[in-house]
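Listed after this line are the structures, all set down as structure tokens.
In the two assemblies presented below, chain A is common to both, partnered first by chain B and then by chain C.
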Partner chain A sequence: MSKTHRSEPSTRGFFGRIADHRLDYLYILPALGVMMLVIAYPIYYTVYLSFFRTPPSLAMQDKIFNGIDNYITILTAESFHEVTINTMVWTFWSTFMAMILGLGAALVLNREFVGRGVLRGLLLIPYVISAVAASYIWRWIYHSDFGVLGAILLQLGLIDDKLNLLDNVDLVLPSLIVVNVWKEFPFAMIMILAGLQTVPDQLLNAARVDGAGAFERFRHVTLPHLKGVLVITVLLLFVANLNHFTIPWIMTGGGPAGASDIWITQIYQIAFGRIRFGIASAYSVILFGVMVVIGYFYVKALTGDDDRRHG
Partner chain B sequence: MFAIVAARPRRALAKMGALLASSAMILSGPVAAQSIDPEKWTPDYVRSIAGKTTVDTAAECAKAVPLDYEGQVDYWYVGPNEANPELEHKMYADFWAAWEETYPNIEVNAQNLGYNDMLNKLRTAALGNAAPDVARLPILWGSEFAAKGQLSELKPEDVGYDSANFWPGAMKSVSLNGKTWGIPTNNETMAFIWNAGIFEEAGLDPEKAPDTWAEVVEYSKQIKEKTGKAGYGLVARVNAGNTPFRFMPMVWGEGGGALDEASESPTYQDVWIGKEGTVRAVQNYYDMYVRDKSVPVSALTNTQTENQDPFLANQLAMVIAHPSEYATMLDRANKATGSDKEAAMAVVNNMRYGKIPAGQDRRAVVFGGSNVHIFNPDNVEGDLDMEAAKALVCFMTGPEWSTKLAWVSSNPGNTRGFETEWMKERLDTIKFLDVSTSMLPSGIPFPPVAESPEIMNIIIPEMLQNALTEKMTVEEAVADAEKKVKALLDGM
Partner chain C sequence: MAQVDFVNVDKSYGSFRAVKDVSFTVGDGEFVALVGPSGCGKTTTLNLIAGLLDLTGGEIRVSGKVINDLDPKDRDIAMVFQNYALYPNKTVAQNLGFPLRMRKVAKAEIKDKVEEAARLLDITHLLDRYPRELSGGQQQRVALGRALVRDPQVFLMDEPLSNLDAKLRVQMRAELKRFHQDLNATVIYVTHDQLEAMTMADKMAVMSGGVLQQYDAPERVFEEPANLFVASFVGSPAMNLLPATRVERDGTVFATGEGWELTLSDRNGAAARRSETDAIILGARHSSLALHETETSGAIPARIYTVEPTGDLTYAHVEVGDKTFVISVPPDRRIAADQPVWIGFDQNKLHLFDAKTEQRIAQD
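Right after this comes the complex of A and B.
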């Protein structure tokens, strides 16, 4: 029945079309209800709360309407600019390095060699380890006084003093990015490996017959086929990194002196450290806006091929 | 009652007339007290008063709520978990057994919640009018609920006790806007702990703790230079209670503060963080971390937990910690194996406890502990049975159970507990308890205002990090913190 309706698009109005598809809508009604409850309402309430001042000394029902003051406070705060720069550095370099490493690992694993399965399993380990456990492990690896990394470098004579990574405002963010890249490059690797396996052998062989070298085959045959996968993987990693909380929070709590504070840790701290749900909501709405823009490109990337196919 | 008051001449006490006569019904100690003399409160004094009094908890609480009262009460608390010693579990089991025997007709629905979970659960429950009738909360938490009108007024006199029997610092922590919103259950202060072995290696007197914060800076430097080991276990992590608990004693000692919590009559309206005393305290931290490099490099991300390993490994000489630190270190040393165990036991044997050092202005320490509160009837689930709630509060804040429930890691909030046989037993079995207990009169509670968590856990640690990373000068960091605290109090 519903098939018939889809093949004969109605020219009736919005409600008329809903009436035509009432059975279809009935099927998705429970799911729609759950989504309204757990997604739509929290979004609505967060936006609503972002227009109120909620000092810790006031009960929530006594919150004070203050229009867009929370947004002005956030956007004009010096700390917002520092945290935004940290967020951009964190997100860009985490995504970029994970893609580069993931692409390299995928290209290696796409070839036949002895132990390929074992290597693939080993490279997946960081991805399957819990982010909380990984953060604690790396915190001890990096520890400024008793870290394994510092001890090894010291014994090798490569440094002559303690290796201070997490307690150093200049090195803390790059150090956290290394941990994040280690944790998520296997995701990029798997996605790209799956994409590589769709590249037709005939095309590669034809290019080889035509005298194309390895780099030219990669550039002119493999890469165009990977484009869709790469775009989607970049977008997924970008969103995941923009929202990533566990590693910076557990390893440094955003310190020292805010040097590893990013949007999401800042929002958490404002909400649950400072008990300012109004400002934290406004901050979340800003982050949500950024996500919506990225989400648009993500959906566009996903449907791009279909659009092209359908002319 | 008790010798904090015992210093007062008996003749003067006699003049208290009717007031004392009425309170004597409840206070069974030798003399009644109105104030605590810090100079008198020495380890010897703490020992001298223990075991002098017997207590009949049922008889005392019967005056507040009849023993045959029938009712029900929901109660949330942070109790022992699997990490706590067996003895603590036994004390809680004994408490509930004694409660059922005393008030057999009052049913208690008790929920033992984890420390890290309870605050947010309670906030959510109170917002949804589903708070418990009674909750025992860490000392800093209650003011937020009181400020929001989510607590009922509650003072010791409401359950038959005298406010004078509770530490003044503890009573400040349950006071807001001229009213009292709870009763202290237990109180403790931290102590200064050092490794006598490292002191000796560094050419310091192994049995003498630094008496001032200036000496701590000097000792730390000398230890680093002579032994290569870290001197003082500085901690400055943001969003960690460990940081203000160790830094504020130095600030108060040097004459500073966050608000005016260190003054005789605090209003919690004046901002003291910009005072010269705070600058001196931050400068002390700067000197140890940046100038002398005599403390762990990891101080900016450390809490006291991260200091335990280097201390036990004989690599760190001085820390500030709870009275229970000795038991914790001993427990960890016993779990070690081979040569590690031998080394750790040597460190435990070299552990010494002393008073928190004094600053240019005074000797001070953070006054810690817990308070019990009764929630506002509008915010609890169902009807609040006030009499049943008061019976439970009376039972746990009396001299007997405020001593026994604090057995391992704290002290009785009701100071009459110090005179009991149970306190004597604690002193005989818990090493260094007399030293840490003797710091109680120097205790200052954090400001009981809703903004306290933000000031103590975020603004002050950020001030330290700004100075220690040299993002700002010491003076700039203090001025920046002062600006933030003022903006916070102005409702920004």
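Right after this comes the complex of A and C.
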């Protein structure tokens, strides 16, 4: 045991405080070690590689330093502009729609009715299905010749011709977003449901006695209470969507003609399709930068509540 | 302000009856305390008036109008909650104005009324603060203000003082009482603390197991408890209860137990005769019993278990057979544990209960 009491703020200097907590550092050392190995080193190596022109032979000793040329190549490429817009559309609409559906489903499930447990289980299914399996299933559902969706719409007389979703440059991205929203809205639902269950009954009752109707109770009591959960869920979904690879890659591979290409599929294509690790690394660094910014807001949202409580 | 009538009010959850056939009337401007241990149905009863729960049977009338099927917002009733239930994302002023805002009152009028309520409760300097920046007592006042601002027919209060520390509770108790007197408001107040009920209320409704046990003025409830439950619940320390057997010899009635016999006065004897069986229970408050250190006629033998000095009074815990009595004595009295003593009864302050029905036997 160290001599100074733990809860007392140490009056010693920076190194003194580290010495006071030397055991705490020891405890996190193994976790820190693994993190360094599997995260920190790859980050370092990716940043390092992003300043090199790498040979397609993968003989890395032959790489040539080319400064920020890789970044200039990416940022000036015509396709970058297009892919960035796709990425933003994909990320924004996926997150937005998943939140709306998740909120709606959570509000329904928060009420007491017969079959609530069954419904909650059913709604969770998309979330627990493997993304790869779901992508293949949806590819068949969307299929222009054999797809069940097209068949139903045709039968109902809602369309006159074969449904062509995944080969249509205008419809492919929205179609993928639908799949993605279907897959991830249960996550938002569960997060929001957990938040809803912490809304104090007494507060809702007080609002009822004060004369608030159902909508006003939602607006003045439930929504403010959910604010923290909503912010964190949006940020988590945003990060997940920005990084989401499986659905677009399996369903379209970024096609047709790059119409469903987003940053992450583009990076994969450059790295493992065209074997250009230097450019792919630079691309990854750009994505990483964006993620760091979002991560900053995430951590801030997560700890903000604590600060306010202690402040 | 208004009169509130409870007529055969019933509330069940499936097969569980939380409130059983409760009837009583709260007069216009009266302060009534619903009191009882946890789970006795008092809060359920309050929620039934507020409209937060639906009645299973009977009716509740406010100013003669049946309100059973009215929405809470249409009942013209305000409620103060145990945890204050202030809206955390709204300032004090917004909290106070919320019930008016929900009633579409004009902004200028809301402002006036909020300021008036704030002045009355001395919280004007807090209007721009958020609930989390207030102390418990201040939050309590805001909660009260939010009820007050609407000028409702009836105030409902659900254990409003139970979250405050002991000192503040005493202060707020006095303030609430004063508030009631100034406004001449009809107040229905739920508490598990019988002392709170005794000190504040015009009338007490003592509940247990969903049943209204007694509804009367506090002093009457204290002096003439209707049954064993009320006798042991109201008053602190609780009333001493001693099971006994009624025995009659030569026209005199005695109460006897293991190793003791007490001659009952004519009045108490007559009462004891009215017990259904010869099993009776004697009840005596701590202050009506005398502690003798030598054998005294009319006193029953006992032994000191422990002695608790509290400053003003000393409480002697005394073993009578397998029962323990609490008797108050002056603090300068020198008594020690295990000392043999004799307990003397004041027959004018003795309570008699029928052991079978658990009801009080009236002494007239």
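Basically, the second predicted complex is superposed on the first by the 297 of 311 C-alpha atoms of A that agree within 3 Å, B and C clash if a C-alpha of one lies under 4 Å from a C-alpha of the other, contacts with A are read in each partner's own complex, and residues count from 1 in each chain.
The definition used in the following text is that a contact is a pair of C-beta atoms (placed from the backbone, for glycine too) under 8 Å apart; a residue touches a chain by one contact, two chains touch by 3 or more.
Computed from a predicted model, the values in this text were never measured in an experiment.
After superposition onto chain A, the modelled positions of chain B and chain C are compatible, with room for both.
In the superposed pair of complexes, A:D24 makes contact with neither chain B nor chain C. Shared-chain residue A:A257: touches chain B; no touch with chain C. Legend: residue contacts after superposition of the two complexes on their common chain; A:F272 is shown touching chain B, with no touch to chain C. Of the two partner chains, chain C is the only one that A:N205 touches; chain B does not reach it. Once the two complexes are overlaid on the shared chain, A:H220 sits against chain C while remaining clear of chain B.
Residue contacts after overlaying the shared chain place A:L58 against chain B, while chain C stays out of touching range.
Looking at the superposition, the partner that touches the larger set of chain A residues, chain B or chain C, turns out to be B. Across the overlaid pair of complexes, the angle with its corner at the CA centre of chain A and arms to chain B and chain C is 150°, in steps of 10. Of the two partner chains placed around the shared chain by superposition, chain B is the only one that A:S144 touches, whereas chain C remains out of contact.
Once you line the two complexes up on chain A, you'll see the smallest CA to CA distance from chain B to chain C is 52 Å. Across the complex, chain A is touched by residues 47, 50-52, 72-73, 77-79, 81-83, 85, 87-90, 98-99, 102-103, 132, 146 of chain C.
Every residue of chain A that touches chain B in the complex is listed here, in rising order: 53, 55-60, 73, 139, 143-146, 162, 164, 166-169, 251-259, 269, 272-275. Chain B makes touch with chain A in their complex at residues 120, 127, 144, 147-150, 230, 237-240, 296-301, 309-310, 449-451, 453-454, 457-458, 461-462, 465-466, 468-469, 471, 491-492. Residue ranges of chain A in contact with chain C, taken from their complex: 200, 202-203, 205-213, 216, 220-221, 224-225, 227, 308-309.
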